[in-house]
Amino acid sequence: MTTALKSIKAIAPLLDRVLVQRIKAESKTAGGIFLPESAVKELNEAKVLAVGPGGVDKEGKRIQPSVAPGDKVLIPQYGGSPIKVGEEEFSLFRDHELLAKINE
Amino acid sequence: MTTALKSIKAIAPLLDRVLVQRIKAESKTAGGIFLPESAVKELNEAKVLAVGPGGVDKEGKRIQPSVAPGDKVLIPQYGGSPIKVGEEEFSLFRDHELLAKINE
Amino acid sequence: MTTALKSIKAIAPLLDRVLVQRIKAESKTAGGIFLPESAVKELNEAKVLAVGPGGVDKEGKRIQPSVAPGDKVLIPQYGGSPIKVGEEEFSLFRDHELLAKINE
Amino acid sequence: MTTALKSIKAIAPLLDRVLVQRIKAESKTAGGIFLPESAVKELNEAKVLAVGPGGVDKEGKRIQPSVAPGDKVLIPQYGGSPIKVGEEEFSLFRDHELLAKINE
Amino acid sequence: MTTALKSIKAIAPLLDRVLVQRIKAESKTAGGIFLPESAVKELNEAKVLAVGPGGVDKEGKRIQPSVAPGDKVLIPQYGGSPIKVGEEEFSLFRDHELLAKINE
Amino acid sequence: MTTALKSIKAIAPLLDRVLVQRIKAESKTAGGIFLPESAVKELNEAKVLAVGPGGVDKEGKRIQPSVAPGDKVLIPQYGGSPIKVGEEEFSLFRDHELLAKINE
Amino acid sequence: MTTALKSIKAIAPLLDRVLVQRIKAESKTAGGIFLPESAVKELNEAKVLAVGPGGVDKEGKRIQPSVAPGDKVLIPQYGGSPIKVGEEEFSLFRDHELLAKINE
């Protein structure tokens, strides 16, 4: 999806949506040699940039999201809504689609 | 969908529906040069024009919509019901289909 | 669907069903010139003729329909059950399928 | 479905099922001239013959059926379970599948 | 499904299942003439042989089955789990799949 | 599914799952003559070996399983998760998939 | 799914997800002879490495997971989200997808 946004910071996810940016794989080896682009694999790790207020349960109460901005998460291989701001790509997932937090 | 409406202001969305109008991409470059039509990409940003009273939960209470008229929102790539008033195009989405608010 | 009804007034929708009649587009231009039939587009506007008592929620209470006879509504492009009385066509929609009220 | 029943009166619908018989279209014109069989259209009007005690909601209470024996109803174009007793055809619908009552 | 059962009486249906045996159509005419096998139609009438204790609702209470052993019922044209004991065939339906009781 | 288990007794089903072993058909006739393997039909009878603690309902309470170890049951023709321990085959079904108890 | 993780210990599953590692089949026979790789079958046994806090029920309470780190479990033949850390493969399952605990 294309936007005319100047900054991704303008995005405030609604309900249980979580805005993430995929972490780029290292483009050089441990020894410092740059890898050709085709050898750089796409990772399923992402950084949480913004989190919606949470979905609403059947009694009208907010369901607390399970991640927070700054968290590193494991995202599923498929799904999510892609957003493009300038040349950068981001994704919106629903909170329950995120697989795991990554603690470092 | 075609209508014989004189003005989009006549539309009052029902239940959890939200009436939006897609924001048009700039048709000239930052330098002021007009872009050919084929180079103007369709944006996934829209302005909220009207919001229904909210859907009804299982206990008969209204679910508060998460956007308000005047909000700028990120809309999904597919879905929504298109409405045509004269030459202008609008869309109706359900509140939970909207992805994010855009704060400027 | 074909009926042997003498009048559409005999129809009393059940549960959350709403009986509507599509509004015909003007068959002549603003200047008074008659349009050929192929130029008359089918509109997605309809007039509500009759409304059922409302569906029943999980606690056995009626869900109040959101439209009333006489309302002008925006109907979805697909769906609804067509009814034919003589040469006239009508449709039955479920209340939640109607998109918006049209205020004039 | 074929049965060996002597009379349709033996059928007592279960739960929310409603036994109906489709109303036959007039086989002669207003002027009394008999129509060839191919010109007699199948109607979507039916007479209610018997009504089940009603389905059971999530709290174990019966949901009151919305029609009664003797009612004339508008039936959907598709669906229903056909039953054949001798040479006559009947149908079983679920209460919520019936579209409207026909008041005469 | 094949079993090594000696008698169908050993089968005690679980939850909301109902064990029935299809009623065979008469293989001779009213006048006493035997019909060739191909002329004997399969009926949708069945006799209830055994009934499970009933399914469990969301509050843990049993849902009372709507038929009892000995009842004659109208069964749907498709569905049910066939069971074969020796050369005889039986079927298991869920209680809500049965269409009607047949009172004689 | 292949396992490296020494004994099926190590398997403790989770939630509403039930571990069963299909009962083998007699491989000789009543008269004591051995049947060729192709003439031995697969039966839909099984012996319950182990039962999970039961699924959890919407209020967090365990749903009591309807069978117990040692029960003989009628299993559906399709479904279940096959497990292989050495050369022997077993299956895991969900409690509500079992069709009937077999009382002998 | 590819990750840039140094250690699988960084993964903290969210909601009802369970991180497991498939148990490798013995690559030599009881007699100590090494099997060719093609003869080593993939097992459906796995070791639980980490367990999420549990899903949330409709009243907002956590549903207690049915396994704990260190448990050996039977996993279904299909499903689960694969994760690759270096050369090692892991999977994330939802708690209710695990078939059985394996007690040794």
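First chain written, first letter: the chains are A, B, C, D, E, F and G, and each begins at residue 1.
The definition used in the following text is that contacts are C-beta pairs under 8 Å (C-beta built on N, C-alpha and C of every residue); 3 or more make two chains touch, one makes a residue touch a chain.
The shown structure was predicted, so the numbers you read here are calculated from the model rather than taken from an experiment.
A.B. asks: From subunit A, count the fewest steps through touching chains until subunit D is reached.
C.D. replies: 3
A.B. asks: Between subunit C and subunit G, tell me the centre distance in angstrom, where each centre is the average of that chain's C-alpha atoms.
C.D. replies: Averaging C-alpha atoms per chain gives centres 55 Å apart.
A.B. asks: Per the centroid of Cα atoms for each chain, what is the distance between subunit D and subunit E, given in Å?
C.D. replies: From the centre of subunit D to the centre of subunit E is 25 Å.
A.B. asks: Spell out, as numbers or ranges, the residues of subunit F touching 2 or more other chains.
C.D. replies: As it turns out, subunit F has residues touching two or more other chains at 58-59.
A.B. asks: So if I start at subunit B and go to subunit C next, what's the full loop of chains?
C.D. replies: Order round the ring from subunit B, first step to subunit C: B, C, D, E, F, G, A.
A.B. asks: Any idea which subunit B residues touch subunit A in the complex?
C.D. replies: 23, 25-26, 41-45, 57-59, 61, 63, 66-67, 73-74, 76-77, 96, 98-104
A.B. asks: Once bound in the complex, which stretches of subunit E touch subunit F?
C.D. replies: Per the stated touch rule, the residues are 1-5, 10-15, 17, 19, 52-53, 56, 58-60, 81, 83, 92.
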